[in-house]
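Letters are used for the chains, namely A, B and C, taken in the order the chains are written, and counting of residues starts over at 1 for each.
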Amino acid sequence: MSLLLVIEQVLNGLQFGVMLFLMAAGLTLIFGVMGLINLAHGSLYMIGAFAAAAVAGATGSFLLGLISALAAAAAMGAIVELTVIRRLYKRDHLDQVLATFALILIFSEGTRWVFGSFPLYLDVPNWLSGPVTLPGGIEYPAYRLAIIVVGFAVAAGLFWMIGRTRIGIQIRAGETDREMIAALGIDIDRLYTLVFALGAALAGLAGALVGAIQSVQVGMGEPVLILAFVVIVIGGIGSIKGAFIGAILLGLTDTLGRSFLPVLFGTVMDPSAATAVGSALASMLIYILMAAVLIYRPTGLFGRV
Amino acid sequence: MTREGIVNAVIALGLLLVPLWALWANEPFTITLATKVAILALAGVGLNLALGLGGLVSLGHAVFFGIGGYAMGILAQHAQTFDPIMEAPFLIEGTKSMPVIWLVAVVSSALAALAIGALSLRTSGVYFIMITLAFGQMFYYFAISWPAYGGEDGLSIYVRNEFPGLNTLNPIEFFGITYVLLLAALFLSARIAASPFGLALTSARQSPQRVETVGLRPFRLRLTVFVISGAITGLAGALFADLNRFVSPTMFSWQMSGEIMIFVILGGVARLFGPVAGAALFILLEHWLGGVSEYWLIWVGALLLAVVLFAPGGLIGLVTRGQK
Amino acid sequence: MSAPVLQIDGVTKRFGALVASDGVTLDLRPGEIHALIGPNGAGKSTLIAQIAGGLTPDAGRVVLDSADVTALDTAARAQAGLARTFQISALAMEHTVLQNAVLGALGARGGRLALFRSVLDDSELREKAEAALDRVGLSDAAGTVTAALSHGQRRQLEVAVALTLNPKVFLMDEPMAGLGMEGTAAMTTLLDSLRAEAPILLVEHDMDAVFKLADRISVLVAGRIIATGTPDAIRADAGVREAYLGDEAPA
């Protein structure tokens, strides 16, 4: 197994990881500030992807598609928050689960109604379509590298926003003490809508970026949503830092597991059995990681006790 | 008789009379629909024990439904190909006998519930929801990537399994089996709810501190009910696979977990017959709306949203106007 | 003097730089009511949690009936005979009063919980629960849903559940809190009669009740016991007056 292959897979793992971070960051913010579990976050991811594919397909501009994805997901997030989600903050988790599950059904079938059951395709823009040569002579797709860069940039931006800006102070206040934000004279309703729309925009961005690598179709959001949950369980709920480290850890574990476990088993088994056992085990690896974290620290690596 | 008691009796009788009428009217498809209702209701009765009595919002009950389904699929597959499951150190062969399949389904889903419960019940609230959902996904991907039993395509079983003394290929007789099992599970649930264990468990849902202070441990109560709950849902999974003569990874999917939960909620959480009413309503909607629009799930979503926001007691709550 | 039933021996708990319990030592003798008083923030809740089992001390021991229970969890301490009541009622609100009392009797009986027998048809549990409700004067409310009880009745129910546990020790966290004059008087009479059953470690803010009921009083200030003694001795203690009682001390 060559070093080049390992580096390539590590980069793939990072790319997967930052995507998961964009999803998990919104979820964990929404939970941290509003105490809401949002199953429909995957739908916002899907909406971002569809908006990007539709607009890029019509205009031929990838950037325009990306902007529409952000706008569409944020707008849909704000609408949903104003109409449904804000009725749920005071409800128990069961009601939140059910109502947001209902939203998944509505969004998924609604999208199928509008766009049909066939997948859409979003093309990687020309200026990012080729490979780039990294130091050491590694060829890596420019688009995937761009995703990694965008992901890290968004992560840095979020850390800056939460640590240094006025809105960030309000968010942190909301996480630790809900009474306090009212006492500080902050408009809670507006803050909640804003946080929800921000989380939605991050999900929409993730959906659009991934949409150019995979096909854009109904149901694409939920598997990513569940992985983002695993990230949050590992990282600790309400923690952006936990979400980031959890996401990278999960992205690397999954990607490296899938490419190297079958090879690893191949050293002790015959090839077809090794592929079967290796890939089956690889598909379970992140959940085993989650179980291990649960045994070691039930509140997650960076969760508050 | 309480108002809820009357509603329960009407539901139970209705579920029996509809297929009997269908038999007389020669409408075998209606019998199949009723069978589906009985089986899905059984899965819901399982979840309702954990959710209604224990307050455990499990979004991973498809795991047990799927394990039950695969228990049936694997045993029947080996029986129909005459290929033993293992020969050493001792011989285990497949089987077409329902009671044996049920036993395997119940035991294996109970074991899975024990493992998943032991891990996920270390947490509570949102964590528990996310973790059960994640474990469900783990089984789903495992079933897809494990090639020995059909992988993504699943397993088809050519002939329905056998039950001593009955002709299971006759729809009404198979319905009878599922109906009796459903009633048995309902009886079991009612007994558990009224038992010392049930009192301790429901108290732990309302005030875990109180339960600890009288010398009982909420974790053990919850784990116990989670295992019983998983076992019942597993049994339902075996029957569902037998109804379709087919099992695939979709039985493990998060949508399946969500649907089982919808049965419980549409009917009314912690209501004994809630899952039966919910499953019946769901199948009726699927049948009617599915005939009108390809996108019928939108209306299910809208209905669910309306129930959660405006009618928290579910269907039975509406009919009994909140009375017990 | 007979051996103490409950001994708290050098219990210390730190949260970062804050020392919430600083080498707390006190004991509870058969037949007595030992009151623990102290200003808000003195560390009473932390101490209660360490006695009841919710928190493990950093140092020191909790000894119940000559057995070291420091390493045991809340449930095990309850089984060992520690009956705790809560400041904010922790009851199963959807259940009836009788069901809450039966739950206590069920926990006290121990062993495996039956899955299929009816709990309310169990005459042993029921009689014990009814006796406890009778003792606190709640018999008439047995069939009432707990959420419908008045605040004072919930306090009584807390005590009734504790009674069903065959306690060796009562640990009561502000049983008078929020009660009116009449309620406080009734609760005082009830507690007075309970000490015959098992000694009471009484954490309480109501000074009138404390000085009326207590055989001994310990004063907790900033995590430390600054004085222990009879009500008269505490009333006269200059250190206590200065640190805590101030002008509030009853004459």
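We adopt the following convention: contacts are C-beta pairs under 8 Å (C-beta built on N, C-alpha and C of every residue); 3 or more make two chains touch, one makes a residue touch a chain.
The structure displayed is predicted, hence computed values, not measured ones.
Enquirer: Which chains sit in contact with both members of the pair chain B and chain C?
Expert: none
Enquirer: Whose C-alpha centre lies nearest the centre of all protein C-alpha atoms?
Expert: Going by the distance between chain centres and the overall C-alpha centre, it is B.
Enquirer: Could you find the chain whose CA centre sits the greatest distance from that of chain C?
Expert: A
Enquirer: Quick one: chain B and chain C, Cα centre-to-centre, how many Å?
Expert: Whole-Å distance between the two chain centres: 44.
Enquirer: Just the number, please: Cα centre separation of chain A and chain B in whole Å.
Expert: That pair's centroid distance is 31 Å.
Enquirer: What is the distance, in whole Å, between the centres of chain A and chain C, each centre taken as the mean of its C-alpha atoms?
Expert: Chain centroid spacing, chain A to chain C, equals 49 Å.
Enquirer: Quick check on the complex: what are the chain B residues that touch chain A?
Expert: The contact residues of chain B facing chain A are 51, 57, 59, 119-120, 122-123, 125-127, 129-131, 133-135, 137-138, 141-142, 144-148, 254, 258, 261-262, 265, 269, 294-298, 300-302, 304-305, 307-309, 312.
Enquirer: Can you tell me which positions in chain C touch chain B when the two form their complex?
Expert: 52-53, 73-76, 78-79, 83-84, 86, 90-95, 99-100, 102-104, 106-108, 110, 113-120, 122, 125, 161, 164-165
Enquirer: List the residues on chain B that touch chain C in their complex, please.
Expert: Against chain C, chain B makes touches at 188, 191-192, 194-200, 202-203, 206-207, 209-217, 221.
Enquirer: Can you list the chain A residues touching chain B in their complex?
Expert: Touching chain B: residues 31, 37, 84, 87, 91, 93-95, 97-99, 101-106, 108-110, 112-113, 222-223, 226, 229-230, 232-233, 237, 276, 279-280, 282-284, 287, 290-291, 294-295, 298-299 of chain A.
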